[in-house]
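One chain, chain A, appears in both complexes that follow, with chain B as partner in the first and chain C in the second.
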Partner chain A sequence: MCGIIGVIDRKRRCMDGTGIKAALSMMNERGSGEGAGYVAYGIYPEYKDFYALHVFFDNIREHKGALDTLLDRWGTIVHDEQIKTYEQPNIRKVHTPWRYFFRPDRSLMPKSTTPDEDIVTHLVMTVNAAKNGALIFSSGKNLGVFKAAGWPEEVADFYRIQDYKGYLWLAHNRYPTNTPGWWGGAHPFNLLDWSVVHNGEITSYGTNRRYIESYGYKCTMYTDTEVVAYLVDLLIRKHGLSEKMAVRALAPPFWEEIDRMPAKEQELNRAIRLTYGPALMNGPFAICVANADSLVGFTDRIKLRPLVTGEHGDRLYISSEEAAIRTMEPDVEHITMPKAGEPVIGRVVA
Partner chain B sequence: MSIGSVPFKFKVSVDPERCMVCGRCIENCSYGVFSKENERIKVNSRNCVACHRCLAFCPRDAIDITEKPTDYRSHPVWTRDVREAIFNQARTGKIILAGMGNAHPYPIIFDQLVLDACQVTNPSIDPLREPMEMRTYIGKKPASLALREHPNGDVELLTKLTPNLQIETPIMIGHMSYGAISLNAQTAIAKAASHIGTFMGTGEGGLHESLYPYQKHMIVQVASGRFGVDINYLERGAAIEIKIGQGAKPGIGGHLPGEKVCADVSCTRMIPEGSDAISPAPHHDIYSIEDLKQLVHSLKEATEWKKPVFVKIAAVHNVAAIAAGIARSSADAVVVDGFRGGTGAAPRVFRDHVGIPIEAAIASVDAKLRQQRIRNEVSLIASGGIRESADIAKAIALGADAVYIGTSALVAMGCRVCGTCYRGQCAWGIATQKPELTQRLDPETASVQVANLIHAWTDELAELMGAAGINSIESLRGNRDRLRGYMLDESLMQVLDVKSVGA
Partner chain C sequence: MTAVQIDAKGLHYTPLNQKIRAAVANGAHEIVIDHVLGQRFIGDGLRGDGVTITVNGVPGGDLGMFMSGPTIVVNGNAEHAPGNTMDSGTIVIHGSAGDAVAHSMRGGRVFVRDNIGYRGGIHMKQYMEKRPILVVGGAARAFLGEYMAGGLLVVLGVSGDPPITERGLGSGIHGGEIFVRGSVDEMYLGVGARQVAATDAEKKMIEPVIRDFARRFGIDAEPLLASGYTRIIPASARPFANKYTWE
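On to the complex of A and B.
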């Protein structure tokens, strides 16, 4: 099942986490109390030029030293600290959440055109694949993921997300089937600037994973959602597609529709399907993907999962439930239900 | 003779109570089993190959055929087959010829893989209600696309795509030459391929004039003998396939006996009538991978880069590296033919002992191409031992883009897999050139049967995909997560990259 919600303020005006916490809790019918999470963009203005790495340590004494050494080898730790948490009766603190502000040494990736991103990606993949008591679950600039096993309101209170102020938020209420109770399995999933929340099950996961892994990404989270983040990173950052064209590749029109398009459009869409066939995502899903400048929501090609959008002033809301949006913004307008495979894109203009 | 007679392979009996001595069995048997004596049907069981032609045409169900009625003293090592092969070779001093595919009782990997279906957490998709996309494109694809997006919303495609074959089902029909099979059989296949919207291979036998109307659905083959190859032939095909090897006999060439080279075959192959058509083991202009690249380029040049060029190899131990080399030769597709691939004639020792199964070959080729980041740039066609739609689903899940079927298309036309194709006496009019036999096969009827088979298998594939929650074939391709190995050993599961049932 799962419930998702995302909001973006196009003028980058910040909201604290109170609203999204209430909205996410409104969808508790879609969750099971075994996982919830939030991501907020714009929360670390004083460190905005550095990569904010959020890490779950199994044990500070045992596992932190190795990560410190690795980060020192690849760049500079500008600042690091424990992420403040507040005890909740139902959350068993199995990990210690930590944050680093990190500046990669780009001279170490001389052949790359995007050395900073490549170093951070490499670190995330290496650390997470090693499964050595440390898991980097958030690695973008000026943003942070907060997640744990529990109900949305408990997880929110555990991190006191009302203390964070962001212009773009995603949140996820989880009903896990694969890895219940595992903090790493909660959403959002994040890599660099990309964050993903997902409701559904990707039946093409085996194909997508093998495709993305041939480009050096490593799937380590035992769940299908992380491929979405990596696919988006590959298509948009590395291949230079726009959000719209990336969504076209991930949830393309049916051949039947393509055959009816005018010649030029047909050629474009055929080329997308031929080139990015292994990236096509099958199975039921509704997904919100965010980066620093935009929020994109889309569903699978036959819309087997719900997705609703609404607007209010400069804000675009995307969620599984209209009720959740209304909880956050009672005066919301223009409630729409996007068609299968059709992206809804909100961009910051300021 | 010190060896004497060996027991019958088959024992034919005619029930005198049911037989009305109509003589249809005599007319139909091309191997001389039946004769009439004193108003009774007399049987010479020694000639029987169990092609079932008599049985199929007996109006009274009077004929019965039993396999191996006489027992040898059983022995686990000195099997009947082994002993009979020794008798044969002791007599003749020659290499034993055999037909059809590998007959050795190796375990079949397909039968130890099971497919997945959805329950609760995601819905299965009903192909009768929802679109189910079986369309596949065979050919080269770019690694990424360059697009230019204009402010007015127009998106311009800057990457130029090379020609691909569009098929409406992942099932194609492999190369069986005119010569190996009859023109009626080829015509039936050609009609079926154009009806379904798929492609067939010409084999190394040229393209008979009467098949020109179906040329849009033909993949013309260039093999080591270069029989039937000229510019007219190349230009007529929708694609060109260079045949390096064949699963039934990796490492050796082909041999069409002179008896099968009738006037018409001689014209189509461009060789003298009655002469043996011998294809050498290697192409005499290909002694390394760079030579192959030159041939791929020459064929593309000759046809103005308008047609995809495939390269077919037998699945041998190092198939993954070889396929990766081919993928870099600017070939558009690699065809991998597993050791169960059929043939009109092959030395028994090759047919049964050389090469590897298609399942393992596809898995390792797909993995190697992914490792080298070129998997989606080249198509992968699996062939050799595809017996049912489940085999196709499994082959695709292991990494194939499409499959070639061969034997199963012949079975759809009546073939009983008697394995006697190399004798040119096929009672079903399929693997023969004798006019009195070939006329038995009506291309119209046979084409409907072949088309029916492909249609039925495509429907079954759609159902299997729908049950797995997949509505587009590219999401099945290489999706090994949807397979589980049942009683496969650990190392083979690693090669196949599948988990065990229950895992």
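On to the complex of A and C.
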């Protein structure tokens, strides 16, 4: 059991982190104080052209030098600084969060059609697999993940997320069940533009992991959710699927449902299921995926986890609980429950 | 003291429930709770016939769990599992409710004006005079009455939208019955369930339940009573005998 909430302002009007902190804390019964986190899009306008790398260092003196050297080899560190944190009684600062604004050197990947993204992905995978006291947990442009082991309000106050202003937010309140809670295991999970929060359990993790690792991704966080971030990166960014088709691959209709579709639909859905069989995710889940332009929410195809949506003006809210949405926006309208396996998509229009 | 007002704004469910219990212990018959937002477990395990609790707002999950006797009226939507393992009493929801409504319910009545989520009435049961009832005014999502062992479930589709449009209806049902207003496409039936048209005698049996539902929401019962109903019942008393046991 975990609690999730996401909000997108379709006109890119920014909101600070106060509301989402209150909404997430309202769902404390869904967590266990072992992990909470937030991601906000639009927070670094002055550095929006550079990759914002958020890093957990075990120890600055021992581990930062190596990462600096690696980043220098692959591009330019435009700016770097410690991420400001504020001591909280119940958070033991076992890692030091750091941020880099990084420009990859495209000439180093001449054969790639997307050299910037491929260099950053390579760096994230290399650094996180090496486990040399550094973990890159956020690597997109103009966005940042803030997470730690603690309760939602503690983690929010630790980073003072009310000081950040974004047009798209995700937040997660963790109740780890299969592996111990730790800073890197807290959600959101991020790669490039993609951020993921997840309530549930991906029982097909082994199959999904083998599949995604065959494309060069490396799973290193001791928990299932990170495969979702890598799967959406592969399916949407690399293979060019729409968000809707990607969700169709991850949570496809049952065969007997496909058999009842019109011929053309059948052909499409069969092709998706056959092509992406190993990407199919089983088990109970409710997931929110974000990138710079959209927010997507969906559940497993037999709906074993809660998810409700609501709207207010230009804003779409997706959460585990209606009350959490109402905490952020008391005048929310059109509260609905998405159908099992069917995505709800909010897209920016400005 | 017969009427008590409680302001739940910012109140955690533990002190809220303590206030409710104290009020009932002091003889209150009317308890009105304002500004409810996400507090779980309201009225859980509460005993007291003749007590009415009005919840203004959106209560959290497991409303009225193990409750025995009181009536809870919600002016708003409810989240997951209102009426979970409820023993007796009534829950009336002026709105919709989340997944697993009336989960494992063993007695009493739950009335939902609009729609319910997935797995409504999952594992409802009955024993002798205890026969739980769930009535849904709108539509129900997939796996309605899953593993149902007893009790009565009625889905009305008052708004005109079809009450059942998803799979797994009565999946694993081995006791009790589900009444759906109108017809049900065979493809929505779950494993172990079968459908028959409700006879006049059977419709007569659910008439008081439909009248009670209509009265509580101030709607006209006559068109609902004039309609035809489909009855979903177990295909056999032990639908999975061959799956889990060897004879």
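Everything below uses one rule, namely that the second predicted complex is superposed on the first by the 346 of 350 C-alpha atoms of A that agree within 3 Å, B and C clash if a C-alpha of one lies under 4 Å from a C-alpha of the other, contacts with A are read in each partner's own complex, and residues count from 1 in each chain.
Here, a contact is a pair of C-beta atoms (placed from the backbone, for glycine too) under 8 Å apart; a residue touches a chain by one contact, two chains touch by 3 or more.
The shown structure was predicted, so the numbers you read here are calculated from the model rather than taken from an experiment.
In the superposition on chain A, A:Thr207 makes contact with chain B only, not with chain C.
Of the two partner chains placed by the overlay, only chain B lies in contact with A:Glu267; chain C stays clear of it. When the two structures are aligned on the shared chain, A:Glu322 is found in touch with chain C, with no touch to chain B.
In the superposition on chain A, A:Thr177 makes contact with chain B only, while chain C stays out of contact range. Applying the stated contact rule after C-alpha superposition, one finds that A:Met245 touches chain B and leaves chain C untouched. By the touch criterion defined above, A:Thr275 reaches chain B but does not reach chain C.
More chain A residues lie in contact with B than with the other chain of the pair chain B and chain C. In the superposition on chain A, A:Pro306 contacts chain C only, with no contact to chain B.
Legend: residue contacts after superposition of the two complexes on their common chain; A:Ala350 is shown touching neither chain B nor chain C. Touching of chain A by both chain B and chain C, each in its own complex, is seen for residues 254, 302.
Chain A makes touch with chain B in their complex at residues 177, 200-201, 203-207, 209-211, 213-215, 238-242, 245, 254-256, 264, 267-268, 270-278, 280-284, 301-302, 304.
Considering their complex, residues 118, 121-123, 125, 130-131, 133, 135, 137, 141-147, 149, 155, 157, 159, 161, 164, 370-371, 373, 375-376, 397, 468-472, 474-482 of chain B touch chain A. Per the touch definition, chain A reaches chain C in the complex via residues 26-27, 29, 254, 257, 260, 302-303, 306, 308, 321-324, 326-327, 335, 337, 339-340.
Across the complex, chain C meets chain A through its residues 37-38, 40, 58, 60-61, 77, 79-80, 96, 98-99, 115, 117-118, 141-143, 166-168, 187.
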